[in-house]
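After this come two complexes, each holding subunit A, first together with subunit B and then together with subunit C.
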Partner chain A sequence: MADAAVARTEARPMPGEPSAWQQLKVNRNWLGFWFMVPAMAFLVLFLVYPLGKGLWMSFTDARIGREGRFVGLENFEWLSEDSDFIGALIFTIVFTFVASAVKFAIGLYLALLLNNNLPFKAFIRSVVLIPFIVPTVLSAVAFWWIFDTQFSVITWGLVKMGIIDRGSPINWMGDPFMAQCVVIFANIWRGIPFIAITLLAGLQTVSPSLYEAATLDGATRWQNFRYVTYPLLTPIIAVVMTFSVLFTFTDFQLIWAMTRGGPVNATHLMATLSYQRGILGGNLGEGAAIAISMVPFLLAAIMFSWFGLQRRKWQQGESND
Partner chain B sequence: MTTSAGTDLKNPAASGAFSRSAAKDDHSEGMSYLESLPRKTVTVYIPLFIIVVVLLFPFYWMFITSIKPDQDLLDLHGGNPLWVSEPTFRHFYKLLFESNYPTWLWNTMFVAVCATFLSIVASVLAAYAITRIRYKGAQTVGGLIFLAYLVPPSILFIPLSTIIHVYGLFDTPFALILTYPTILIPFCTWLLMGYFKTIPYELEECALIDGASRWQILVKIIIPLAVPGLISAFIFAFTLCWNEFIYALTFISSNPNKTVPTAIVSEFVDGDVFRWGSLMAGALVGSLPLVILYAFFVEHYVSAMTGAVKE
Partner chain C sequence: MASVDIRDVRKSFGSTAIIHGVSVPIADGEFVVLVGPSGCGKSTLLRMIAGLENITGGEIAIGDRVVNNVPPKERDIAMVFQNYALYPHMTVADNMGFSLKLRNAPQSEIDSKVKRAAEILNLGALLDRFPRQLSGGQRQRVAMGRAIVRDPQVFLFDEPLSNLDAKLRVAMRTEIKELHQRLKTTTVYVTHDQIEAMTMADKIVVMHDGIVEQMGAPLDLYDNPVNLFVAGFIGSPAMNFLRGKIDGQSFVLEGGARLPLGTPPSASASQPAIYGIRPEHFLIDNEAGAAAEVVVVEPTGSEIQVVARLDGQEVIAVFRERHDFKPGDKIRLGTDRRVTHLFDAQSGKTLARQ
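Let's look at the complex of A and B:
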């Protein structure tokens, strides 16, 4: 109704023939267009155009300072035989999968803990968010130092507890497998607050009387969680995890600040490998090809987490009618 | 049984006002009287304590490292590394007076403020047009803007770097000021759309009847009412700018033009000797502006984060 009223005021016939200039000022579609111009200009110039150009570059042999020639799928053929690329691809998938799963588990657990009646609740909540506020690179630098090969405080702690021997410290950043574990740990550390706080916001919209009712019906704590909390939280989990998977998969700064892909390329993600080949190595075409090969995985991840969880919601909604 | 429990219970939660008032009431005891203190200690306080300690330890370690004298840094087993016996501010002094750190801090601030400001202006206009002018195809455009939010910078930086070269922006702050909005506009627009939808239509109708133009409505009615949303968008966008790394690393090459995150990882490493004290002091000082801002606007920050997700 409100809409109709607005429309009527605008549809009021102009005295005489409305000039073209009047049309541009009053017509709903033109007005909308003028309001959209700044945002669209930014997005088209610096997002859509580079996206298209990136796709084009991945089919060329462009180098820094030289426009490339079209080479078809050559870049991708090269990459499919490149063991560094395959390694980065596998590690990116493992990295995303492990980090997202652990982040989700701990984040949800932390959200449930914070949803209790706690003293200083607001304060604890703000403190928990701090890892998310601090720029990733700066906390990555801290992790770099914490897991330093010679002067690691973790090694010191383990020695003090008598778990390892002082003479044979753990080579955190030098050993490929340990380095992979360390970067995954750092990513989890940074991701938990975001998931915990957004899920907490979801939890707070769940009415406590639901739990009271369920408890009266004899539900255990687990059943309370499984049949009350979880179904109500599903939509927000879907969105949060989509974002989390997306940002984990395309992570760059954490790896670059901590290991730069080393040791022996063990911790390269696709984004860091693309930077190394494209910008540092100067092979823009190849770098763009690596970046573009992330797209199918991203789409798959979005589809999976989005539709997978949406369908659950839809199924439950359908059984409701 | 299971589905019926799930769906039956869903209805009251969906009926807005009731559940919101119940959920907002944090002081209600609910069923918490069922929990005894010892039980709660084991199931809530101890795990919470452990998680919080793990989340905060790196900052403690950063702080301790930044005030330790150099010789203590490389001698773990001499004393207790978790404590400092003779704190020194030498690292901070070196950072602030013997390096380009203040310049980098200023660059970061300048870029972040400009990019945030541009993005908010563009987003307010776009969000208003999508939610209120509702031109033909507004829904589609809203969806496309959300999709733009899902395009990560790490697949754009290579083509963007060539574009930046062509526009002649390479190694200037404008390279960052103009590219950061692509990350911020989708987020801010989405957030502000949520805020604008909560402003009653009637206000706008009154203004239209009184002869106000769309522009006057936006400036005199909508924006003043959406101030909390604008603050949320501003703070979150500012944080994202401050945090941005890959564009800054790719588009800026000379030392005095760098931003804090890129400068920290490249300029504090002399060959193989890491100046850990200065590095940690730099990381700490670089995080400080955000933490201070955050401390004043926690609620806005949280609502920005959750608002963008909930939409």
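Let's look at the complex of A and C:
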């Protein structure tokens, strides 16, 4: 306020040096800074503050309704001996790895398929997007029913086909390994459209004459993919897989709606375990510690894509020196 | 090297016929230019030779082999695309050697062939560059290098110079012609630019609306066009066409002015016709010439182009001499009766050539 008052008194045209405040107001470099302030305020308020608060809480023994004391790394020490946490950590990594790999393979295949001249192309493309549009919880409920131990439509189909016996239905969500497979399957189903449509957009930027040239050069369909499509698609693959890995690693909704981490904590991801311990269990400090434990993995994924994303030499526009 | 024989080739996309029966014999080692306005089917015809489009009817033979059902890679042809179609993620050397790599040629053979092509095209210093780092003309040369390395039976060029600026286009024109004289590979070259066609071709094929209007040596087409379309398409500035009728040894324009005529066709006296005269065949004839009024004068340095109103119709005349005309000047235009053309007013076909 004082500064503003000073500025007002000094706003008269002056022949000499403008004041520092005057410079801040008119200098072009500072102008850019002022334009960034609102965005920075949002980021600080909604990103930096919660992250900082979470980090702080992970070093305390805070519980719901109690401030908590600083306990150093005690939460993390506990966690390192907690088999549920170790299990969730391992399952999160497996979950992310398997789901991302399958999503990439099927997504790429779909994108290549949709890039051809199919009848009803626009219609098929929009159909592919459906799993992406349906609210997660809704699709999770659908999967819940599909894989319900008693009412599963798959079990029903297998019984009708005579593959399994009516008396011994498959315990989809009751068996730990089965439940893990089911949630991975659901995540894959949900994640494919994002990858397929993004890769399709990338494919459409490849000039058809490159394929024609390669065909004339003697390339088979596979060689066309191997030497033309794939290398030209790598930048967009790097982007889309980074996002896919981040989304998959931090998945919460799907697990929570389908299994709540059960049976016997077999399908807990770090996000769901953190919620269960921190919010439902009331151990905010411990929940925060679990959530913070995810950060190194996410950072690693980002760093990986950062180096993967660095513009390849052939993409750089260069002068003719 | 091989001859290419195009026999009554037709092409339809769905129910739309694009090419209605085109026959072009191409001799071994010949440089043939397919020329015509956009949409005439010339690129489609080239793509059918390459195998990138199916042939709806007729036959295309390369050498003695009918290739209608032969996949592109087995036709032993190389194509230079309008946008060059260089692989952006490969260096110049990799671009040029790609076809050999696909054939599993040994690396030493790839290297030596790429090196030889690079020497022919002056690309030696650029072999490690990526296409983005090259200028338009350099990319064009890499695209040609890719074709040369293949050592194919036939070169196909699809409007290769249209992305270059005017000066470079002239230089590359010469380069391509030189290359052909050196390699003597049968070449089919598509362009919409009649100057490219005139300057480069052994044989020009003028196409229009999916048919061949005329084919022949460049100067033959220039001197003896068979119809109005070819007469108007070949030559720049385009031939002047004047409406009127034949009257003995002269041609009477609609407004009554008379222009000289060679021996007129016997049966065509006093029928409506179109008189064709190239701009460079006008001359100033102050005694017998037809009266005209100068509208615009456009000096190009080597010549002056004069737009004049002759008997109510605008004509373009080109003079090598430097006349000092001004808009509004009255001049008398004559023509050399040996180089006039006469076309049927209905069919557009040439009536007589002098």
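Methods note: the second predicted complex is superposed on the first by the 266 of 321 C-alpha atoms of A that agree within 3 Å, B and C clash if a C-alpha of one lies under 4 Å from a C-alpha of the other, contacts with A are read in each partner's own complex, and residues count from 1 in each chain.
As a working rule, contacts are C-beta pairs under 8 Å (C-beta built on N, C-alpha and C of every residue); 3 or more make two chains touch, one makes a residue touch a chain.
Keep in mind the model is a prediction, meaning the values are calculated, not measured.
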Who does A:228 touch here: subunit B (first), subunit C (second), both, or neither? both
Tell me which partner A:218 touches in the superposition: subunit B (first), subunit C (second), both or neither. second
Identify the partner contact of A:146: answer first if only subunit B is touched, second if only subunit C is, both if each is, neither if none is. first
With both complexes overlaid on chain A, does A:86 touch subunit B (first), subunit C (second), both or neither? neither
State whether A:163 touches subunit B only (first), subunit C only (second), both chains, or neither. neither
In this superposition, the partner of subunit A with more touched residues, subunit B or subunit C, is B
Using the superposition on chain A described above, determine whether A:280 touches subunit B (first), subunit C (second), both, or neither. neither
Give one of first, second, both or neither to describe whether A:264 is in contact with subunit B, with subunit C, with both, or with none. neither
Of the two partner chains, subunit B (first) and subunit C (second), which one does A:210 touch, if any: first, second, both, or neither? both
Which subunit A residues come up in both lists, the one for subunit B and the one for subunit C? 207, 209-210, 212-215, 219, 227-228, 231-232, 316-317, 319-320
With touch defined as at the start, can you tell me which subunit A residues reach subunit B in the complex? 2-3, 5-6, 9, 25, 28-29, 31-33, 35-40, 42-43, 46-47, 49-51, 53-54, 57, 62, 106, 109-110, 113-114, 116-118, 121-122, 124-131, 133-139, 141-143, 145-146, 148, 150-151, 153, 155-156, 159, 166, 189, 192-194, 197-198, 201-202, 204-215, 219, 227-228, 231-232, 236, 239-240, 243, 246-247, 250-253, 256-257, 270-271, 274-275, 278-279, 284, 287-288, 291-292, 294-295, 298, 302, 316-317, 319-320
The answer for subunit B against subunit A in the complex is residues 2-3, 5-7, 9-10, 12-13, 18-20, 22-24, 26, 28-32, 34, 40, 44, 47-48, 51-52, 54-56, 58-59, 61-62, 65, 73-74, 76-77, 81-82, 118-119, 121-123, 125-126, 128-130, 133-136, 138, 141, 145, 148, 150-163, 178-179, 181-182, 185-186, 189, 201-202, 204-205, 208-209, 213-214, 239, 242-243, 245-246, 249-250, 260-262, 264-265, 274, 276, 279-280, 282-284, 286-287, 290-291, 294-295, 298, 301-302, 305-306, 309-310
Contact set on subunit C toward subunit A in their complex: 50-52, 72-73, 77-79, 81-83, 85, 87-90, 98-99, 102-103, 130-135, 146, 150
Over in the complex, which subunit A residues touch subunit C? Could you list them? 207, 209-210, 212-219, 223, 227-228, 231-232, 312-320
